[in-house]
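Structures given as structure tokens follow.
Next come two complexes built around subunit A: one with subunit B, the other with subunit C.
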Partner chain A sequence: MNKKWMTALVLIFAAAMMLAAQSAEEIVNRMDREQKYETAKTSGSMFITDRFGTKQTDFLSWGNKGGDFLIEFTSAAEEGQKILRTGSVVYLFFPDAEDLMRLQGSSLKQGMMGSDISYEDMTEGNSTLDKYDAVKLDDIEIDGVDCWAVELTGKSRAVPYYRRIVYVEKATYLPKKEDYFSKSGKLLKELRVLEVKKVNGLWIITEMVIEDKLKKNSSTRLKMNSVQLNVPVNKNLFSVNNLMM
Partner chain B sequence: MLLKWSVKRLICYAVLLNTKLRRVMQRSPDFSGKRLICYAVLLNTLLVPAKLTAGSSAVYQLDLFMNMARLAKGEWIFGYTGEADMKFRSKGERNVKGEINLEVFSPDLLSLQTGTSIAAVGLKKAYIKANFVLNEEKSHMLRWTLGKTRLSWGEGFVFNAGDILFGSFSPYLDFTETELRDETAWLTALNFQLSPFVFLELTALPPEVDLSSYFELSLPGTGAEEQAELLATLDLPGIENSSVGGRVYAELGKDRTVKLETGYLYSGQSRTAVPEVLDQPMHRIYFGLEGNKHFNWQLTSSASFPVNDIENQWDLTSRLWQISAGLSHIHSINSDSSISFRLETLWVPYGFWGNPTVVERVSSPERALGLLIYPEFTYSPMSSLMLFLRSVISPIDASAQVSVGADWNVYKGLNLMLFLNFNGGAGDRTFAWERGDAGLLQAGSTGFSSLIGMRYKF
Partner chain C sequence: MKLYRIAFRNVRRHRVRSLLSGSAISIAALSIVMLFALLAGMLDDMENNIKTYASGDVRIRTALYEADEMIDPMSAPVLGAGALLDQIDAMEEVEVAVPRITLNTVFQSDGVDHVALTTAVDFDRELEFQQLDEFLLGIDGGQLPEAGSSEMVMTRRIAEDIGLVEQTGDRFDKKNGAGYRYTGENRKATAYFMMNSGMQAKTLELAEIVHFPVGSLNGPALMMPIDTARKNLRRGDLASEILIRLKKGSDAELFTEKLEAMLAEQGRDELKVTPWFEVNTLVSLFAMAEVSYGVIAAVFFLLGSVVIVNTTIMVILERMKEIGTLGAMGLEGKQLVQLFFLEALYIGIAGSFIGVMLGIIFSVVLGVIGMDMGGAMEGVDLGVSTVIYPRLTWFSVVGVFFYSVIVAATATFIPSLRAGRIKPVEALRSI
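Right after this comes the complex of A and B.
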């Protein structure tokens, strides 16, 4: 009996050690995998806060694992405006003028609808290690949650943020917090995950806030009101024709 | 009739029908089969009306400005300008979209004092778009657009040689408008998607009818005889005054970095105010490229030539050749602020390249000035505030319109706006300091005007 208990304890301890001994690359790859879905359909709201108050923008969005992403704004001030990302091109559709604008290059650094989320943030693909080198830092507890800390450094100048520190929740492999730094080491933005939910057996982020650390009282909060994963999404949704509907 | 049913009326009819059905069932020895069919009919009656109507949304926009303007000879006036915009759009069905857009103007706002407010209502848009899948695997789709709306052909925020449908070459712009080029027309268009980023679009536009005589018909006191006389004089355009054409849109390269667009239009009627020599059927073609290499760039060329053989055809054709080109760039200062610039030009190679005399202008009314330039600088110290400098420059006759302003999105849907507009140039130039059309307070029509106001979208 004692021998069996000892064996079980050793196995549990070994498993725990293996878990703790995951490399930075393994953590980042698993984090990317957890956020990859065949398709996703969401409805949500973006709350943009500055010194004058908070403005709410509602939207519907669709995405697929190929990185295509369509967002349509449904609140009055922006109604009918759409943003489509495919590859490295972002399209903006303005329904009043029935006009289509293509964004490439430096235009992608602009904040989307005046938020702290840039078009470049949208175009970043999910393969983090293609663009960043990863180094594991000391584990940390954030808001009572056990997290790994991984420092990501850009491999080239093509990345939107030269250095990032991502705090990955051990239980879900989702980011709990992310800090974004410039090359000079200045903290530019901070992302905090406020809520996660399980949908179709997968953990997903349903509420997060991004704060601009260079400005006082400037933040963007994203809240997903409904999320559907791995549901049929017509590939023709991500086309110029559909954008101009 | 089904469409007019309210929910309450629907439920009442359903209950009544159900009661009547029960009485019928009780008379018949075989209940189950008949009852099933009748309930199916009842259920279908309940369901059918719901499928005939889609959801909708209404968005309203109010633009209201106080305007102080300097007319010719140093006279100053003060007044109000503004308009209301109402958009009713369908929602819920992704393959069909309908929209009705009304614009409302009140003559009171134009400094004419009347006892009561009289509103003028314009129909800006009224259309239906429907998408049909031809081959889902190959991404072949067909979109049919029917009604009054806009097709944006070509590329260019202000000057666009590819806009052969509506014409984007007038230098007179109202910078208070949300969209500088937003003309609409009754049209039908078929858009064939050949792949997600390649499509062919065909369109047909009926001729516009001069409605001024119709207004006389509607005046009180116009008798039947007068009406008959007016109707007999109405000059209705023939089918040859319709416009028909098409364009091809294709994004090229592995990363789709370059966009190519080319099109043709048989234009049976000009949709802008033009000299008489240009008010005839024309063939119009354009070719344009757009891409990005450090800057966003675009280049478009268009040509027009008369359908009918006329004297001096080559002279006319060459003078209608236009080239528009543009560069734009946005530079992020930090995560919240940015500075951007845009530069667009309109070239008319066979236009006037020296300040034309009055005789030259009268003898060649179709000939435009050879060059117009539109520079724009915008500084956003924060995402909700925009400071801008815009100008239309006519270097040939040394005149320009300059507009500086600010647009501040304070609360959701509310923008505070300020515009200061200056016109510089001698009296007979494209823009002139000593010019003022009394009663018209549109930006740019006077030597100087200042507008301060609000835009609220709800």
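Right after this comes the complex of A and C.
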């Protein structure tokens, strides 16, 4: 065989090996990049299940790549309530209140609208490696899907979960499943991605379920009914003044 | 001369001694009568407080909430409370029924979260249920909130914590609000209601400060109109519970059965009707109180008995010369015992009678004006009001009288038997 062909073959093989042998950091960085958009506008529903039954809450949300987001609830019981995240602060707006509620510290650990998603979960940024050290574990198949397994350990106490194991789908670089642990190793929450779709050429998560493992029969299913990416979004939308309007 | 006449003459002759002995018996009897009346008053008060603040004569909740008071009541509320109230109002045994919504609440002030308990009530009904207007502090002549308004009444503790009122430095007077004033023109605060199903919030204006007679109720708490709360919660016509006060003479147990039957007919299996004496936490508290008070009464009884016995014995032992003289005059041991018994009986009857009568007078007077235990109860939460109204019982009057007489009389047996065995010569020599 021609020397050039041999070289090309070796290079292709090496590239394939490199792809297969991605480091934990590379996987995590790529996972973060896949979930970062200039802007996003979604409408969706949360189905919150506990021992008293299941409650549906509908919402509209807007977000930008800086991590700011605004959620406005549209279902009857919560109509008009809004959640704004700007920087690392979360504000809650209620139609019958003249003041905003500013969430900080331990109050961020509360579940949003009684769900298993805490406000603290919502303050997590897309730069995972700023807060966590990553170690690759053995590859695994989840629900018939090939995944990398990466263990993330918090660099400081300022992280909501000391240890996480994220199972990243090889085909999409999106999380397929994620387990959240306390420092003592107790499983706190489990996230499973149920559906992904391609929007504007990008894979996005459109349905997932989070289970609180510390409670009996407690789960929250999040379903995105419509997703628009990189659409014009007024940046003033993410201001405290706008929240009060 | 007959012994009973001798005994009577001895009692009259030794007036000082008889007075001292009789006084000891009177004081013991008086103390026990008043103690029993006070304890009866405290139990009455506790029962009244349970019925007023916690359960009514009969309480309706969902079975889920009744089984586990730690859950958020909004997770298992009584639905269709309005229609249910109409039915309850129509029942002949019912004096008044009140719906209540209980909400765990947070206020934010200067970046600090302050926790409080909100009870949303129908103020018109509550006025009838617990004379709520009597508990207003009257800082600025405020009134109870009107139905549908965005007003609230708060305990002074939470109002102070969030900066709506402040102390003036004057002595606190719960009758006319002395000791407190509003901090400024702005009397509004936003209450954030924390529920398992999420949060709601409402800005409310402070209408007045309320001060309950039961210390434990004066923690961080507020009350607001129930219709305002329902509108804010957007969950329809619901309540955490409905408390029912029955007309005098109505039996709570019978009414409970009647109400349960009515609800069962309507398929309202999710609801639980509980008479006040079956409310778990309260029953155990009440039972504990009865036992505790019984122990206190027994200790006092014992102390009183010791005083009577000790006094009687001392009186006999100091009369050794007299015993010797009587023996020398031919009085036999058996007669001696009878003589002392009769003397103690006369003194016991007189002393007990006076003591019990004084106890009745004091208890009746205090039963009208009340005993202010405020200072003594500071920091102590027994579920009783700061003002207690003692109540006499048959046992505390008749029982104590006879008990004191019997103790005084029978206390003479042992010392008089001993004295009766001593030879007259020895008795005379002992002086």
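FYI, the second predicted complex is superposed on the first by the 230 of 245 C-alpha atoms of A that agree within 3 Å, B and C clash if a C-alpha of one lies under 4 Å from a C-alpha of the other, contacts with A are read in each partner's own complex, and residues count from 1 in each chain.
As a convention for this text, a residue touches a chain if its C-beta (ideal position, glycine included) is under 8 Å from a C-beta of that chain, and two chains touch if they have at least 3 such contacts.
Bear in mind the structure is a predicted one, so any value in this text is a computation, not a measurement.
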Room on subunit A for both subunit B and subunit C (clash or fit): clash
Superposition-derived comparison: subunit B or subunit C, residues of subunit A touched: B
Contacts of A:99 with subunit B and subunit C, given as first, second, both or neither: both
First, second, both or neither for A:55, with subunit B first and subunit C second: both
Partner chain in contact with A:77 - subunit B first, subunit C second, else both or neither: both
Which superposed partner A:66 touches (first subunit B, second subunit C, both, neither): neither
Shared contact residues on subunit A - subunit B and subunit C: 48, 50, 52, 55, 76-77, 79, 94, 96-99, 102, 104, 107, 110, 114
Subunit B contact footprint on subunit A (complex, rising order): 48, 50, 52-53, 55-56, 74-77, 79-80, 86-89, 94, 96-100, 102, 104-107, 109-111, 114-116, 118, 188-189, 212, 214-215, 218, 234-242, 244-245
Complex interface listing, subunit C residues touching subunit A: 64, 75-76, 108, 111, 113, 188, 190, 192, 194-203, 232-235
Touching residues on subunit B, where the partner in the complex is subunit A: 57, 59, 87, 89, 91, 94-95, 97, 129, 131, 133, 136, 139, 141, 143, 149-152, 178-179, 181-182, 191, 193, 196-197, 199, 249, 251, 255-257, 259, 290-296, 329-332, 334-336, 338, 382-384, 409-413, 457-458
In the complex, subunit A residues that touch subunit C: 48, 50, 52, 55, 57, 76-79, 92, 94, 96-99, 101-102, 104, 107, 110, 112-114
